[in-house]
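For clarity, chains are labelled A, B and C in written order, and residue numbers in each chain start from 1.
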Amino acid sequence: MPELLTILISGLLMGCIYALLAGGLTLIWGVMGIVNLAHGEALMLGCFAALYFAATGFVPPLAIVVFGPLFFLFGVLLYVTIIRRIVNAPELMSLLLTFGLSIFIKNVAVLAWGGELRIASYLEGSFAFGGIYVSKARLVAGLIAITISLGMYAFLRYARQGQAIRAVAFNRRIAEQCGINANAIYMIVFGLGTALAAAAGILAGTIFAFTPLVGEQFILKAFAITVLGGMGNFLGALIAALLLGVIEQSVTYFIDAQISAAAAFVIIILTLLFRPQGILGSR
Amino acid sequence: MLADIIENAKTLPRAWWIGILAAVGFTLVYAQTGSPYYQSFLMSLAMYVVLCSSWNIISGFAGYISFGHVAFWGLGAYLTAILINNAAMPWPVALIGAGVITAAFAALISHPLLRLSGVYFAIAMLAMAEAVKVVVSYARPITGGGGGIYLRPLIGVDDAFLMMSLLAIVLVAMIALMMKTRFIQSLLAIRNNETASDSLGIPTARTKMFALVTSAFFPAIAGGIYILNTAFIDPKTAFDISITINTILMTVFGGIGTVLGPVLGPIAFMILSEGLWTNFPFVHKALLGVIIILLVLFLPTGIVPAIRKVFTGRKVARGTP
Amino acid sequence: MLVDLVKKTALAATISIGFGSAAFAQSGDPIVFGGVLPLTGWGADAGEYNRRGYELWEKQVNAAGGLLDRPVEVKIYDDASDPTTTARLYERLITEDEVDVLLAPWSDDMTMPATTVAEKYGKPMVTGGATLDAIWGRGYQHVNGLLPSSYDYVGVPMRFIADMDGIKTVAILNNELTYTTGFGDAAAKNAEELGLEVVMHETYGADTTDFTALLTKARSANPDLVVGGTGGEDAVQILRQAKENDLNPKAFYFTIAPVDPEFVRLLGDSAEYVFGTTEWEPSLTALEGVDAFIAGYTEEYGEEPVEDVATSYGLAQVMAAAVESAGELDDAKISKALRTLEVPTVFGTYKVDPETGVQTGKKIYVMQIQDGERHILAPEANATATVRFPTPAWGDR
């Protein structure tokens, strides 16, 4: 029983970080119709931000406060220079373009920082009570992640800007007729999405060792979550992320670690076949 | 369909026949006289022509963008090895068998997966390929698991080149001859408007299935030829997503939905990337990223339509040979 | 015309290193040693160390008068960590460049196709960064190993640890990659022979970062020894998370990862007590020629050489010894020499089984991380420390 609780908690905490990453992906996907294959690279840059922040002697998770706005601007910059041009292009083109962006960023990072492993470690060990172990770094990261995700959800739901974003996602033409500048919304959304992924990276970098290729380890999971949650459904992504976290841990524990690696893919296929609108969506 | 093909064969420009014959002639001669290294280089090229041309059927003509094409290649390689090692089949039988089983697998997944459209199909195919990789890694008693599968090298690089090159020629010629057939015309109609095609009486489900099956058979054979020559493959190589990505890039580079695009794309791309690799050994991957971005922004239809535009001074619709 | 273009591009696609023969006083054309290494891609770090080893060997041999009174030249191609390219470039080295002697590729999945090519042309090869037992299971006559097989690589430290008090059960975790799967299998086989009960043997995906569930499972199995068939990153994640999840076996043993200086740098105190296998350490000063090797390398790169550098340097020495013994550049004679010779190198003694080519002469050292340093524990003659055992529980450190 303590074992089960251990893996359940650890799965949920992992899920919180996944949610942050997938939240950005689903936002960009839902509003702009772009599947951003370079999303994992924003996470990778976040990991390095945490590392450099830690090197200055600060607690790495605080990097979110400093680097969050910078990554937002980075996203805006990417939108203005490149992404803007493919918003209405066929999906193959946006997939290819963001893929090109992904290998560019990744390989520039390899050139700049080298391929060796790093970790922005600041908290080691875990809290133990009654045979349940909860990693300290992971607990802090998970709590910060879920707070940001819920804040983001509240923003989308209640803030004026957030409502404008949802309006554009729902129907760009009507939103524009109501005086919303869709282009500005796209810019904000891409900035927000990038910042969310980077925040996930800052947190992940305090838990796991990483290299400039770390994005590849997470991007497919983010896909699975986005599909399971329903494309563009932020709350759906949040729930799906927690689910994936728990499913991965349980499959490893009860069945097999190698099979667990396939969990994300099986989820994608099954969701698309049986519930393409996602867990929360309605037909 | 046969009548259509014959009709089409009559109208195929003479340059095509000359090209096909020249390619066959070159292959036959070069397999005897060429140096093994260049045979091996050209074999890789021919392999990508096969991958690109077959991907182009389902993704270029029918418009269903697949991000899981490597699965068919990897399955072909694995099945060939398994049929030889475990079922003691002679290699030509194993090769065809691997192609047939892979095609059957494609038929099996086509029904559920081809109901999905757009980016959902792309992601489902990607997930399918990754899931196949996990299954192959897991099924150790049959596949050797992560340790890979190996067999006696059964054919030399000259024969492998010969077979791969002929396979590429057959596939490209077949597509050229089939351009005016109902099959490919139906695929083009599906790409333009599936609902309308349906209401016009095109059996869309069956046509798409046939497209995916054809699209799976040829890469499987290519994978089989590959492993007959190298005698070893592991899941990391067999289901490497970068093979899918290369296939897509090369085809788009050449011209998606054209017959010659998937031929010129790999040639141009391999020359380009080898050139990059020579001159910028440590930054070539980053440069490749830049090139992809520039390609999408400035040459989204690929080089074949661009060349044609230069020659004819007008834009030609996608899908003409 | 197309073929010409392809030829030209392909010919240009060479990263040839070497100092050229013009600067040397020896008579005759250089003897060309050619190999393929991953200089880019995931294997780039190891590939670069191997390249440095070959390059240093070339420089020092030429300074000492060359081989068969001729200078030597090393020619390396980059396979970008892609096994398909490795095979193609060996075809090229053999048939186009007609190099005199082959050097080894790096890593098991690149070695499998490369050895097939070498065998096909009857070109003698000694494999370097490869331990997969399958390489020698194919009856090849021209392929020999420099490294001991996975079975011994894992077996020597396992035997050492099994002799300690209270080691009865073992949990094996291994990565799904080609060579780590080989380590996992070897560990299972050794455990059976040592009479250890395997309470868990599980393979995990190559991209795994989160090991919580796997380690929780391992804790329930309560093994005395945890064997990790790891490559690098995974070992770091596993050990960090073993601490978080309070997994307390009497000993941790990991393949490959602990010899990398990164292991200690990233893990700090958590790396203490971990056992590993080392095949070479700078402390092994009794090896023939090792002083000059270390001095030469340190002068060139400003740091101590690591195992991968010694591997490739030693490998080139073996090939050169076989050429010298053959007395001429005759592949059949060199192949024969490689099966019968015993060659002392800076990396250790080379001696293979004359039937299979499996390495039998190379010593394997049991290593443990102590106070942030790698220390050899066995064989006793080379030991730089005594074993620290059992590993204290995480809470008691």
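Annotations
Keep this in mind: a contact is a pair of C-beta atoms (placed from the backbone, for glycine too) under 8 Å apart; a residue touches a chain by one contact, two chains touch by 3 or more.
Since we're looking at a predicted model, the values are computed, not measured.
Following the contact convention of this document, A is the list of chains adjacent to both subunit B and subunit C. Among the remaining chains, the Cα-based centre furthest from that of subunit B is the centre of C.
Computed from the mean C-alpha positions, the centre of subunit A lies at a distance of 38 Å from the centre of subunit C.
Each chain gets one centre point, the mean of its Cα atoms, and the points for subunit A and subunit B are 33 Å apart.
For subunit B, the set of residues touching two or more other chains reads 134, 137, 282, 285. In subunit A, the residues that reach two or more other chains under the touch definition are 256, 258, 261.
Residue numbers of subunit C whose C-beta contacts span two or more other chains: 176, 203, 205.
Per the touch definition, subunit B reaches subunit A in the complex via residues 59, 65, 67, 112-113, 115-116, 118-120, 122-124, 126-128, 130-131, 134-135, 137-138, 245, 248-249, 252, 256, 282-283, 285-286, 288-293, 295-297, 300. Residues of subunit C touching subunit A in their complex: 42, 44-45, 176, 202-205, 207-210, 212-214, 216-217, 219-220, 232-233, 236-237, 240-241, 243-246, 262, 266, 270, 394. Residues 2-3, 5-7, 9-10, 12-15, 39-40, 78, 80, 82-84, 87-88, 91-92, 94-96, 109, 112-113, 116, 119-120, 132, 134, 138, 175-178, 180-182, 185, 203, 205-206 of subunit C are the ones touching subunit B in the complex.
Of all residues in subunit B, those touching subunit C in their complex are 26, 30, 35-38, 40-42, 44-45, 134, 137, 145-148, 150, 152-153, 156-157, 226, 230-232, 234-237, 267, 270-271, 274-275, 277-278, 281-282, 284-285.
Contact residues of subunit A toward subunit C in the complex are 3, 6-7, 10-11, 14, 115-119, 121, 124-126, 128, 133, 135-136, 138, 208-209, 211, 213, 216-217, 248-250, 252-253, 256-258, 260-261.
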